[in-house]
Structure formats: structure tokens, C-alpha cells
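Each of the two complexes below includes chain A, the first together with chain B, the second together with chain C.
Moving on to the complex of A and B:
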């Protein structure tokens, strides 16, 4: 496998999240004895009839059906690269952050060799979490139930009353289950349970060009300001993920009041209301949309003034500076999204078909002086923080859609994703395939990839 | 008694942390943990936790106590007295002296 070693950001010696000699497929290496899970427990359904990506139609059950949801955990989340954390959250061995991959709780930590690793946060004894803090620093992960203790390398290092176990009991068999692949791209750490994934960089493909508009302003990269905001929303996780991939369409309608508040005259300028731009759609389901405009600003004045646009043009090229650098929305499939102008990065954790948890970070350029960082932090908080004037509108929409989606008739009426149908093309300015700013192209791409994964047996089904 | 064994420089031990001195150096039954409190003072206890087999030198040193890195039993730095379960036995303390930035250990002498 390939790996990307990060340049140091923010601290002296930078953490690295790279491949290495970690046990591959540790999850399947666990002693099973006579256990065999009956296949009927994981019966899969063919979702071909639920997604018409070519015709731009979607069956609403993909947001509500329990069986679809369970299959998503197995076939969409388990094999995909999932966002874990930012490298700036790890500076010393033992620094850790707990999060989820799908519904699986994981600990992300820096081991003694300063490598970023991730483990299933579930004790191998009776399954309690071995780390119950959100983040911090530790030497070991000790289960609070009976006291099994695991070191930063995931090894089981202490078992109270060990003499009570049979001779065949070997602590080597009972280490934490490790996420077999953890890699990072410009400070963003991703992991996957897939024992043989394509490299993260390859998975991102042309999407990386668009991501760089937020992550690669200069050699120093990005750092995190403040903590991680977390909130719960009624709504299927895909409602948020698809919107961030494909939906500039809602901006003028849903965010009218917010745009009005932000406009100095109390009336949004025509050039803001009538934006044109492009929307990128990726074969792996990623998507990004952005207005295209030479002075395409939407952010805090302090940040705007600090940015050196000539240097950025030099580094990233005009197409990026006038497009995805200054504004827009994006999703890395399946559930990581970001807003480049705000430095808002977030993950939509699935919590059953009807609920999601939003976890959001604010990132800034490491090179920003304190007052610019603070301006960016406040700007993001006011617009897209948990109570941000835009964020509130978006959450309201998703919850509104979900709240009624279980009605029998309601649920059986198809939804429309036909805007920009057939408009996808190579535009010669932006890499990959793009469509119009107002388009459902990336949404169709998102569900096309989702359908493909849902209908493909995952690694854990093949090896049984 | 002797003038002690020079076992470390003060700078070797970050405040709030500890280092283990091998029993081949100390001549004791167990390794000895040198533990530096946040106020800068240095203390010594038998390194192996009296509960299971954690190294107290890997523990958290704070406010006159060291907390075991495995199951969080705390021991008084000065007396070795155990403060909370799961450990039930006290740790054995040893006397330490710091002179000119060097740490001298007096194994088996009470602090």
C-alpha cells in the first residue's frame, strides 16, 4: 500500500499517519472457536431499484429503511475510507481522540513511535469501551469494567486475575482490534476497515485538487482552532452528505435571512444572488460546488485582507482561486464534508436511519496570526457553528424531510434529482467532470456510487 | 550511611513524570521509580505497582501522588501509602536527595 507522510504542521515533530507493518485484517484474526455467524442474519437486498442515477430519481426508503441502513453499515461504511481526525490533534505519544467509523467507536492515537493508529474502542473481554473520554492524553487504555488494559500499540498488557484463565489463553490474541489502514491527506486523517483498500490519495482522485483549495494555501498547512462541536439532528446522514456534495440550489431560498443579515445594506447584492459556477462530480461519489467569480468573497474581512491572492494564484492557479478556494461546499464520500471559505470540516455520523450526529471542527492556515485565526473562528461559529445562522437553516431542512418520510404514501413517492441532467462534461478549466453550479450532478454521482457499494459484497463477506 | 547512589540528573525527569532505575543499579529487589512532582520535588518508590505489574515510572505524578497508569491506584510519593483500590498494599518508599542538579538515591532508607 502507499502512504502519505505529512509534513509537520503546527508543532515541532509532525505526526505521521502512514502505512506500515500493522496487522492487516485484524478484525478477522480474532479467535472464533466454534462461533459461526449464520448468513441469514446479514441478508442483503438489491438496491438497483431504489436509485435511478441516470434518470435522476431516488426512492425515499433509502433514508428510512432499517434493512437498507444495516446494509449501509456493512457495505458502505466498512469498506470506505472514513474521516477520523486532524493531524494537529496529535502531538505526543498517547494523545488520543475518540470518534466513530459508521456506528463503530474508534480510538485514534499516537503510538510510542509517533505513528497515528486507530483501534476499535471496545474491550475484547465483554465489550465495554476502553476509552470513555472525548480526547486527551494517556499511557494505556484501561477498561473500567474489569480492568483489562491495552497499551498505545493496542496490546493487552494487563489482565487482573490472569491466573484464572486456562493455559491456552494468550494475551496476544486479545489485543484491541486495529483499523488496518490509516492514512492522511494534508492533515486530514482517514481510516478504513478494508484490508486491501486503494490508497487514500487514489480514492480521492481529482477531488484532491478541489480539497487543496482549502488545505494547501502554503507550505505550513492547516491547524485546528478550538474543540470539536457536536450536535444531534433528526435526519438520515445522507441528507446532509448529499447536500454538501451537490446543493447550491437551496442557498438563496433557505438562507434568505442569513444572506440578508450578512449584506451591509440589508439587501444581498445581485451578484451574490445570481451566481454562476461549477459543480464537480467524482466517480467515487465525492462532489463539490462553487461559484466562479474573480472577487468571489463570502468571508470575514480580516481573513480576506490577510490572504495573499497573488501568492495563491501562483501556487494554486487562477481556476482554483476564483472557484473552490473562495466559496462553496463539498463532500468526500461517504460522510465527510467541508466548507472551504469557513474552514469548517465536519463528519455526519450515522445513528440509525433517522438520526445523525454532526461533529464539526474549524481549521485555519497554520500561518495565520492570532487575530486572523480568531476572526475565522468567530466567522465560522456565527455562520456554520451549531447555532450558526446558516447551519440552523440546513439542519431544519434535513429534519423536516426526515420527520415525514415514514408516512406510507409519502415514502413511496420518488424524489427528484434531475437538475442539470446531461450537463456533465469536461470544462477544460477544472479537473474531472463538472456540471453547472445549480445542478444535481454530484448528487446523482453520490447515489450511483452508493448503489454500487450497496450491491457489491464487501471484504468481510468474501472471506467467511 | 553512604552518600547515596547518583542515579540521574534532575533534567532527565520532566515534571509530572518519572523514570525507572534498574535494580542492577539500586541493588534492591525491584526497580525503583524516580518520580518528579509538579512542584519540582523528586521522590522514589518501588517501581512495580502493588496491584498488578505496571511501572509506576509510567504513571501520572501530581500533587504529592503518583497514579498508576493501568488501573489508577494512587500512592503517596512520600510514604508510599496506597490511596485507593484496586491496589491494597503500600509501595515501598526510598530516600532521595538532589544536590547541584544531580539526583542521589538511598535505597531502603526512609525518606
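Moving on to the complex of A and C:
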């Protein structure tokens, strides 16, 4: 028996090429010869007993266990749509950005036909990365080990001493491994290794309605502020992902100091502390929470004053303008999160069970004049990001949870996700299933979906 | 004490010139004092060393191909760890006084080491808002942070300052901080440089 991971041959729709037929791809089925990876190397465990989504209990080993973590890379990250980059990062052929899907390094680039494509950033010869810059512009990706060189379409175009290889050696077999499906939603580019995924839009489901509150203020959409904040955290990636899906609860305690300095009176506004709202929980594990209040914002006044709320009401409706447009938090399963009021979008890259790397961008409306963009950028960098007065305390919480989680007794004591248990319903105002603002509903939904993926053989496993 | 105008008749311009030993000593002592205030958590006193028109900037840095090195430091208006005025720094510092800034409660232990100080007089031809009494200073820092039980961070980098001479004091009027890291190797930045 073998577990086969075929490099992709699928056809994806690039953000700039709507549904066009992909040219014959460079990434081809890898010659495997006699290689068969023993299935014992990828032994899967049944995680049913680690998540009690119905009772709101979680076994703490999901944050610490090495075997669970390896299985997540295979069964959660490999089959899911994962955030790659923003379309505004690519303007001309050869523009590239390097990132990760799970722990797999990938290059995202615009090819000569202006299609956004993504490749495994690993030379097919000895496996070194073929691009070691964070971003830039290039004509090809050349491995600095032996000089194999790949073009923007992923094709192997140069092999030093090619004559030394046997007759059977065909460069067509040794192109970069391509991410088979790359799609974008309102500027956000996602990719998946799954050769037969549901379309991105379908995967997002009703979550798209909530995302539009940040991404669709007008026809011009969003652009990114140059540069990405990147930092490390000693914490499991799910601690951050679930918090952004489900946790308004921590705001008043964790962020008291930040709320205090934001309030002119020097004490957090009662209307912020005693806030009601809703929390959306999605069958695919996404989640979003938002206070509901007509004057919800506590961000930069310059941005607030520029917003044309009448036009936004016209475009997006009252429920969105008073809810997810003006505040809140959200996660697109598994590891993409955002804060609508900050224009902060981020990915939690897994780096082992005990460590994540956070990459955060700031997005602004393309229609914003320079002074409004600048106000949004400054507000976000002063509140979120590694030096932000809010985010500093988030990092402290996650590393604190992780630091002690390996103790045997500590690790075996279940964690509580029972807030709002049974409160999930259709509220008639927001699509899908929602709960109270203060609730663990989306957290339960996150782990329910996680449990399902963890217990389902992925596309790369035989006998599925 | 002579003014710049009186001196100009008798002395050649110091614009752009290396500062003398006394000024160098003064600047080093200024930095050691500043480092001590930060390590002792005396942020309000630290703020007193900053000019009201302060520009305090710490851009992010990226890995770029050598031919695109010019782009390896984020530009103004792009991603930065700090992009601050004196007011926004005061705002950040007020947070610590709330008694509920958990990322620094209990407080970290930090040690700011300042070295490789090179002091020149500002050339007003290049920076018209300053005079040649003001100082353009390059220095490097090594900041050690130890937090809670076993968390350790080392922040290394450079600072390019303009120190304004105001009466008998120096004030930091411009500071550009370059941290020698790509992915920040810390869960947050809760100190200043």
C-alpha cells in the first residue's frame, strides 16, 4: 500500500484570467520510478475523542501533540483553500511573492499571460528553494545549488550538463510542482493542493457576505499597503485562528489597557464594554463576530469621517454597515483571519505544534485618498501588528497558553468552549447560523470542521 | 558660550564635520542616560528627551535579490514597526500606566546597549530645518529582553538620529531604527529603541 502525492496537473482559474483554459502546464506528474512511501510513515489517528463540539469541550493535546500536528499538515492544510496573497501584489509578469501553504514554501507569481500561479518553492533536482527573496520581479527562478532554472510558467528551461542525463530524461517531467487551483475572491488569492476542490466561492459560502463588509465598499475594491509584518509566536496556530473566529469575549479583559488609552475619558467606553452583537458560525469552520451598533468604530477619525455610510448602506445594507463593516473579527478556515475595522489581514503559518509565524498585511480601499490611507495604515500599525497596543497582549495570551501546555496533568484537563451553547440560530438579519456576540459558537464550529477533516482521508491518500 | 553666528566669523563651518571629543562624550552620555531610562521603565522621563516635532520610524526589512537591494527597507508609507510622533509614543506609554498592559505585566527585564557612536554636525544645506549646532548621529544597539520564566529576545540594529541642541540640552528630533531581522524573532515589540 502506498500514499501517493501527485504533483498537480489541474486547471486553476487565475485572478486575472477568468476561467481561461490553462496552457499545457509545466507541472507534470512526477516520475516516481520504484518509489512507494510506506503508509506507516503517515499513520493517522482518530481525533473523535479530542473534540466534543456538541458539549463544548476540547482536549488540550490538539495544541501540543506532534502526531496531531503532522496529520493537520496532511489532512487540514493539504486539502483546504489557503490564503496566498493579495492581487495588488502582482502588476506585471514576473512579479512574485514567496509564502507558505502549511509548512510548504510556495512562490506566487504572475506568468507571461498575466495569470496568477503558484508553485512549490523547491527545485525538482535536490530540493533547495529556487527563490529566496520575499518578493520582487524576475524572469525565471534559478536554483543556486546546481543551476536548474524554471520560467514563470514553472517549466524547467535550463539544466547545466544536460547531456549527462539518460535519454529518458525529459525536462517536461521536471517542472516546478504547481498548486493546481488558485482562485481569488475580491482581491484575496487562495490556493489549494486539492486536485478536485469545491470552488473557492462555494467554500466561503455565507462567509463571503461577511467578508464583503470589508472588501466590497465600492467598485474599486482594496489595495495593500506595501510590506508585510512578520513575526514569530510560541503558540499553536489554532490558538490565533480560533480566537479570530470566535472570541470577542477576550476584548474587555485582554485589551483593557488599549481600550483605556483609546477613550478620551481615560476609561473604556461603556458602549464598547457592554456591547451586543452576533457571531457567525460556518459549516466549513469559518467564523466572524461583530458588535451591532450604529456608531461602532473606535478607529482613526479620518477614516471614519471619509466613509460614506449612506452609500455603504445602499450597497451593503443596514445589517452589514451596523455589524461586520464597522467592527469585529473573523477567520476563514483554517488559518486566514482579518479585522475589518483595521484593514488587517493575516495568516497564521504553522511552524510545528508549538510555534506559528504571523504574516499581516494592511489593506485599504483603492478609492481612499492618500491622507485616509495613511490614517488607516497608522491606526493599524499602532494597534495591531507586533508593536500594536492591542496585538502585544494577544501574543502574550497565546504564548502563555502554549508555554505550560506540555505538562502531563495540565495537558489532560479539558478546556471550556461552552459559552452560548445551544444559542445558534438563524436570526433573520444575518445569513447563515449566528449566535451571541459573546459566544464560543464559531470556535465549536471551527473544531467540528477540523475534526471532520482530520478524520477524513485526504485526496493524496489511497483508499479514500 | 558663543552662538553659531559669533563663531562663524572666527571658525570654519562645522556643517557635516565630525564632532569634537567633548560633544562626542556628551552624546554618548546622553545615550547611556536614555538607555537607562528605558531599562528602568521610566518612560515618562524618556519622553522628555524627545523633541515635540519628533519623527520616530522603524521600517520593516525584507529579503530582496541583490539587484533589488534598494527595496529591502520598507519605504515611508509602507509597513513599519514604529511610525510615531511624540504624541503617539505618549499614547503607547500611557497604556503601561493603566496597570493592565498584560504583555508587560509583570514587566520584562531589558538591557539597552548602545555602541559604535559616530557624531557629525548637521549640514543645514541637506537638512534646512536644522542648524550646524544640531547633530547627526549613527549608533548601533543591542537590546536584550528576558520575560517571565525563560523567554529571551535579542534585538540588534542601528539608529540614525538628529539630536537638536536646545539651550543646554539635547533632544531627539529624528530617529530611524533599522532592526537586523526579517521575520521579527519575538512575539511582540513592547520596548523602544
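Going forward, the second predicted complex is superposed on the first by the 435 of 464 C-alpha atoms of A that agree within 3 Å, B and C clash if a C-alpha of one lies under 4 Å from a C-alpha of the other, contacts with A are read in each partner's own complex, and residues count from 1 in each chain.
We adopt the following convention: a residue touches a chain if its C-beta (ideal position, glycine included) is under 8 Å from a C-beta of that chain, and two chains touch if they have at least 3 such contacts.
All values derive from a computational prediction rather than experimental measurement.
Steric overlap between chain B and chain C is absent once the structures are superposed on chain A; the two fit side by side. When the two complexes are overlaid on their common chain A, residue A:142 makes contact with chain B while staying clear of chain C. Shared-chain residue A:91: touches no atom of chain B or chain C. By the touch criterion defined above, A:315 lies against neither chain B nor chain C after alignment on the C-alpha atoms of chain A.
Using the contact criterion defined above for the overlaid structures, shared-chain residue A:256 touches chain C, although it does not reach chain B.
Rounded to the nearest 10, the angle at the Cα centre of chain A between the centres of chain B and chain C is 70 degrees. Once the two complexes are overlaid on the shared chain, A:158 sits against chain B while remaining clear of chain C.
Once the two complexes are laid over each other on the shared chain, residue contacts for A:406 go to neither chain B nor chain C.
In the superposed model, more residues of chain A are touched by C than by the other of chain B and chain C.
By the touch criterion defined above, A:229 reaches chain C but does not reach chain B.
Taking every C-alpha atom of chain B against every C-alpha atom of chain C, the smallest gap after superposition is 9 Å. Chain A residues 138 lie at the interface with chain B in one structure and with chain C in the other. Considering their complex, residues 51-54, 58-59, 69-72, 86 of chain B touch chain A.
Residue ranges on chain A touching chain C, taken from their complex, read 132-138, 225-234, 254, 256-258, 260-261, 357, 362, 374, 377-378, 381-382, 385-387, 389, 391-393, 395-399, 403. Here chain C touches chain A in the complex through residues 59-60, 62-65, 68, 71, 74-75, 77-84, 88, 91-92, 94-96, 98-104, 148-149, 151, 182-190, going by the rule given at the top. Residues of chain A touching chain B in their complex: 138-140, 142, 147, 149, 157-158, 160.
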